[in-house]
Amino acid sequence: MEPHAFDLVIRNAHIATATDVFDADIGIRDGKIVALAQSLASGAEEIDAAGRWVLPGGVDAHCHLSQPMNDGSVLADDFFTGTRSAACGGTTTVIPFAVQKKGGTLEQAITDYHAVSDGEACIDYAFHIIVADATPHTVEFELPGLIERGYTSIKLYMTYDDLKLDDRQILDVLAIARREGAMSMIHAENTDCIAWLTDRLLAKGLTAPRFHGLSRPNVVEREATHRAISLGEFLDTPILIVHVSSEEATDQIRQAQSRGLSVYAETCPQYLFLTAADLDRPGFHGAMCICSPPPRDATSQQAIWEGLANGTFQVFSSDHAPFNYNDPKGKKVGGEHGNFTHVPNGIPGIETRLPLLFSEGVMTGRIDINKFVAVTATDPAKIYGLYPRKGTICIGADADIVIWDASTNITIKNENLHHNVDYTPYEGRPLHAWPAVTLCRGVPVYQDGQFTGRAGYGAFLRCERPTPAKPKPNFGKSTPWLDIL
Amino acid sequence: MEPHAFDLVIRNAHIATATDVFDADIGIRDGKIVALAQSLASGAEEIDAAGRWVLPGGVDAHCHLSQPMNDGSVLADDFFTGTRSAACGGTTTVIPFAVQKKGGTLEQAITDYHAVSDGEACIDYAFHIIVADATPHTVEFELPGLIERGYTSIKLYMTYDDLKLDDRQILDVLAIARREGAMSMIHAENTDCIAWLTDRLLAKGLTAPRFHGLSRPNVVEREATHRAISLGEFLDTPILIVHVSSEEATDQIRQAQSRGLSVYAETCPQYLFLTAADLDRPGFHGAMCICSPPPRDATSQQAIWEGLANGTFQVFSSDHAPFNYNDPKGKKVGGEHGNFTHVPNGIPGIETRLPLLFSEGVMTGRIDINKFVAVTATDPAKIYGLYPRKGTICIGADADIVIWDASTNITIKNENLHHNVDYTPYEGRPLHAWPAVTLCRGVPVYQDGQFTGRAGYGAFLRCERPTPAKPKPNFGKSTPWLDIL
Amino acid sequence: MEPHAFDLVIRNAHIATATDVFDADIGIRDGKIVALAQSLASGAEEIDAAGRWVLPGGVDAHCHLSQPMNDGSVLADDFFTGTRSAACGGTTTVIPFAVQKKGGTLEQAITDYHAVSDGEACIDYAFHIIVADATPHTVEFELPGLIERGYTSIKLYMTYDDLKLDDRQILDVLAIARREGAMSMIHAENTDCIAWLTDRLLAKGLTAPRFHGLSRPNVVEREATHRAISLGEFLDTPILIVHVSSEEATDQIRQAQSRGLSVYAETCPQYLFLTAADLDRPGFHGAMCICSPPPRDATSQQAIWEGLANGTFQVFSSDHAPFNYNDPKGKKVGGEHGNFTHVPNGIPGIETRLPLLFSEGVMTGRIDINKFVAVTATDPAKIYGLYPRKGTICIGADADIVIWDASTNITIKNENLHHNVDYTPYEGRPLHAWPAVTLCRGVPVYQDGQFTGRAGYGAFLRCERPTPAKPKPNFGKSTPWLDIL
Amino acid sequence: MEPHAFDLVIRNAHIATATDVFDADIGIRDGKIVALAQSLASGAEEIDAAGRWVLPGGVDAHCHLSQPMNDGSVLADDFFTGTRSAACGGTTTVIPFAVQKKGGTLEQAITDYHAVSDGEACIDYAFHIIVADATPHTVEFELPGLIERGYTSIKLYMTYDDLKLDDRQILDVLAIARREGAMSMIHAENTDCIAWLTDRLLAKGLTAPRFHGLSRPNVVEREATHRAISLGEFLDTPILIVHVSSEEATDQIRQAQSRGLSVYAETCPQYLFLTAADLDRPGFHGAMCICSPPPRDATSQQAIWEGLANGTFQVFSSDHAPFNYNDPKGKKVGGEHGNFTHVPNGIPGIETRLPLLFSEGVMTGRIDINKFVAVTATDPAKIYGLYPRKGTICIGADADIVIWDASTNITIKNENLHHNVDYTPYEGRPLHAWPAVTLCRGVPVYQDGQFTGRAGYGAFLRCERPTPAKPKPNFGKSTPWLDIL
């Protein structure tokens, strides 16, 4: 008997990449896409995708799993539950953060993070490095080696006392990133403005969740965004601004791109689907929506949608930062016994990221299907050095594929989600699309409404140098101060 | 004996689309791409592309072939010589213009244009419609039918006495384009400024070719660009600004896109590779570079490069408008016996378009290979309703494919070009890339340095409604004045 | 007995100029300010201004009096009633328009306008020239002579069938204005957009007054403003955009000024105190607020206030265009028997201009007293060549002075106004300031709540070349195309 | 014998204020302007100013005199020599800086500064306060009292190790300035960028003066300017950016003003008349032009000129920071024995400030005479609470008056200047204007080419709350985060 030509064939796929839309059968062997054709020979397994969008599996480039917290709070999701949830929502790769402790080394951060992730993930994963203690040892000695070893993206914070770097430290890291070709991600909020205002709010007894939003107004994000852009421009090196929330910050980024700078940007579902009003939900439920930057207003939501459509944003991530509401150290207790600064900071969203954008973005016409693929999969894969292994459907790529059911009517209920969190901020929201099947390297990890993966299936990914971090002509923006160094 | 699986297989192709880069064999049958795989069965013909970029054939969305001129000048290229030249430069689809006569109908224009193109073209072609006489009959009666029949892009002129429409006429056409889903292309220069200045220059005896450039300063283009954008915004309908030449016009377009408007833009090689100085070449040779808008300065060149890189421009066309230099009605004679207004207006470039951009854009790192594919093939195909038949390499697409030789060192010489013009403005410029093979629907039309096509091979293409012309949320830019009509 | 040193002394004046605030006695002789001192000798007449602001008399640089209308409507105010009303509101100089007829000469327009104004005006007056028929005779022959004779400002319309010029005609006029040093005022609305939309609204039966506003959306004003700026930039000559109403047009002007262009701008009370909602007043009363451009929304009101405060606007005029509501050819009848296009276009406001701005601008702190003086008197006087005779309080200036009562509480009622119109759009609005005394060349024309002037007192003023129209370095905005002409 | 009506009469003055130009006699009594008239009675002294501009004496709002330096360098000018030099150049008021020591109090700084200035100054003077150690005691306790006592402007540094405040400290000070109505001046350069780059330049041995300029590129100033604006916006309080040097920073300021923010700005002669090339003068002479921010290029010079003309800048100061070139601790020695960081930082210019701007600004037409008065005298007087005592010519103002000779041809030579510095960076530059007479409170301090003042004549001025620091409507830029505090 003739052996099957493929391990798996997806028949009649209506495929979209970040640029194309076409119909084909997909042939998969050894976890890779090896053939695309109008008609393929048989596979050991076959799936008929007739009538359905078949897209690259999502790359969630910003999520927090099993990350040690310095404030005593505990992330609700570890690598198993987090990636399980991701898989069920159409994501096949996650890039959480290996965080350096103040006083600690990056090496230790990496080692520890492998320890908690090895054998746990259900889908593939890479690490971003958070540099929280920019000592010469860390910056000059550790970073180059780690970049070489496949940890090619560095996250820098401009706020949070346990994580923030000052401008000089940021420059030190950016300079190494430039030399070594790494990508620098920046959390851009002016920490001093937030601290100044928070102190006064608390002194006034203004402790409710909604004051979290008020303590970080748009100008705080705009200032830091402009500063981050300036530091990148000063050193002629690419940066990516994470979780952009406001019209003002979006404008700064757009202007920088218009001037020819290599400035990239990410946004998240919470800035499209939540507003400041959600921080004032009855009872203490506003705490469920506390994250930083905070959700803004309808004007900023609109600006974020436009930014997705016109190319200002390249990356759409979840910033999944899962904390239970009712835990002893959860959002409710932390907040009720103190104030908004005691509410663990972040919201869950790793599973709902793609369905929300598909349903409210693609199906409403706000963005087209190619843009959806670009911002959820292809561009993050490119920016973080995972392309073409991840993020697209082409010959040679991993068979990370999602078959979408876009003719469904469901309602988001936390009881149906697969994370380990006791709420979702999107409870009750109707959706019109959800994955039918999620394949990770050709293996279904979600199918027929069930998680079908297993802990340990997910492989660690060493990242290449990000595509856009490579030297490129800076279009006449001369930096003579760098040329002579 | 088993029949071959494919008519043609391209082996070991290093393929780029507008988003992807991957290695595969390409299987072609009946002129279409039917398989992409790591290893394909045999083809009746095979080409080994090892080590070479394999890209979609170029779509030249702006070129003038066999177009009747109202000023007595004669285009040097007809459908045969023009498409021959295109093919030899890696282009597989052209979209020239069926031009309405003042007092004539669109139907006649279309009929006449088919008459001169039928059986002549070596590669596939579609028609843009030039509306030069926006009568109610033309606009309300003819246009809808023609759009329905596959002529879905309309070009409007804001200058040239025999072609220009006033704002009211433009609005009338845009309104139909909006209703019918057609794409409107606009030549944006303020005709009154040009006329005012030209009259004074000539009165002063300032007749040399360089005064052509001086007669159309940047502000003339910026004004008309802003006006065209405003007219499109007023009617909430997409427009595309053709042949953008200056930093100022680019800025207007970028700002409009940043505001969420559906404004598209095209630029051309002459705005990257020529400057105003070329209009002042010794003797009367400056006439060789006379086109409108005219080449600008280094600052604008830089802005155009940036606009290609950051997505401001979606289309890179030749605006091939071929006139001989030495003909009785050519550029030299016309000019010498009169002044710059008597020089036939336009320059050839249908064959050099892609090699120039590949060599100076991709190989220098100014743009990446995906962007090259996007602006030379995919995006024009989408914008003009030819996608996915044209403009990309995917299953089901026409096998319009170019295998590039990017390890060559050649010098542009007119004697080596295949157009019917007696000069090229780029004579002597060194290049590092040129097509090795151009396939149109699987058939080589250029190979081994030889034109291998034939007149009549090229097929006429009926265009679909352009992708981006479909209704989309206008992101809060309310147009209550339209909502009630 | 020693003769009095002065004809009139104003004691204890709290004076503001466009820059200064100080206390002094003002000595007036022969209608001129001849002394300012802490203590002056006696005057034949004396007025004690203790505790009151003493400001330059207003210059209303945009009002329509006794102007022949081409549409059969009739202005309600002639030079007598119009200037009487102006005087009672603190204005001492008006600059209405001598309008050329299509087919007529400027000379005839001037002659006719002198005929209706001679002996009629209660305060001083100059003429703007409206060029409505830009023939070579008018532009090249008449204009230079008239400018020389003291008619130094030219108004150009981009809309209205009986008045509008096309771009070429505007250029012809601007070129003469540049050469002769005149100031060009431009009514900036895109006439084709308005006509296109109006036709469709009427065809739909949408005839109510509010559709007047809808027929001229902001983009229509923005486009024409950008175009007017571009034409001025093309010819390197100053322009002034009249009656700016929208945020978008304001932005265009601000950007032009930021680039160093000599672009001036005017706004009017209706854009601060009315909105589109006023066009939808019950019954047909919306017609009372029909003017062009139409009142906008709160966002544009805010932008106009900001533009006054930050210097974008130099001139605050009334655009007084008085039509009765109940006349046989008035706003009510014209509209009811037809549609919004039959409503005479314009609103009265020559008397309320200054009290509205003083009360709502100065007394609320939106602008300071110096800015009030600048935009209502000094800057218009400079821009139109009347300075220093008019527009300020300094030695040698005409004694055009207003003593303000800023401790009053009144309500605007049409019955108390001195124009000849049967309504005011501001009926019922509370005010906190009104002139106590208006002096024109030292003679009270309004005092103790009574008009105290007389027809024929007002003198015709020949204007000098406007101050800002003089050549100045254009800060690097080279115009090589002009340098060689 | 009848007593003279006035102590001094200036006859036939051709007077300009920030808005007016007129001819009058000026009557002065007790050091104040008490009368302006076409013809005045006699004065005990009389000066005929026929044919000459008579302007308000200059207010130099940014100069360093007798200021203790922390780096061992010594200012060459004390209150006597510095104000002598100022007077000879047409300045009648200076506002140098009382600088707090780290660890010291403001009270001590004020006390010490009075000690070195009492009895020394030849013209009037006020103090700005430099807050260099923003302790709670200083900010919350000392500042309010000092503001109340007439020290109403506070200078904050974003760079220099001995002076800089971090963002939090700046916010603390701005918050008090807001509450108390003081004006905050900010030196805006990103200190970390400068330090990062300087370290690397020095490590490379790049120590020459020109590397001082290279170590502080435009982006460094732009970033800090945007940040300062953001901090002011965050707290809804006015700020003034001092010594703006670059196009980029000017753009940021202009944009902020366009958005309606209360952002003021100052520039200085060195940014109009020097460029980076001057830092590379032969030998070590480039050190003569070392100041911060450094002189830029021709593009920025142009932008600064435009900013003066279009109102972006309100203040034109000298930033006189006088260091000898040849002293043991002077610019030459400091630099030669070390590197550019050892060159005392600053340049002299207190005497040449006004003649340079008059000659190159007014006489070339770049700015008009009113703008000259505004930026050199009136606006600084208003912004720093000295108006109307200082900064204008009006009744009641101090008789600080300069009679200009604008028909001279002189060449700047250090030997002719009256400062105590051994060079001027403008040596050899031709000028066409210089003061003929400088009067301070009616007394000539410079006349007939001679200094005619005396140490101790100058009086200390207590400043009022600055005019523009008063609350004003913020035009819809809501700051709800402040409203609830």
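Letters A, B, C and D name the chains as they come in the text, with residue numbers starting at 1 for each one.
Criterion: a contact is a pair of C-beta atoms (placed from the backbone, for glycine too) under 8 Å apart; a residue touches a chain by one contact, two chains touch by 3 or more.
No experiment lies behind these values; they were computed from the predicted model shown.
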Applying the touch definition from the top, give me the chains sitting in contact with each of subunit B and subunit C. none
Taking CA centroids for every chain, report which one is farthest away from subunit A. C
Centre-to-centre distance between subunit B and subunit A (centres being mean Cα positions), rounded to whole Å: 38
Express in whole angstrom the distance between the two chain centres, defined as the mean CA positions of subunit B and subunit D. 57
Give me the residues of subunit D that touch two or more other chains. none
Set of all touching chain pairs, with the criterion as stated earlier: A-B, A-D, B-C, C-D
In the complex, go through subunit D and note every residue touching subunit C. 17-24, 27, 34-39, 254, 257-260, 302, 305-306, 309-312, 364-366, 368, 370, 374, 378, 388, 392, 394-397, 467, 470-473, 475-476
Okay, in this complex, where on subunit C does subunit B touch? 166-168, 170-172, 175, 190-193, 195-197, 200-201, 204, 206, 214-215, 217, 219-220, 222-223, 226-227, 230-231, 233-234, 479-481, 484-485
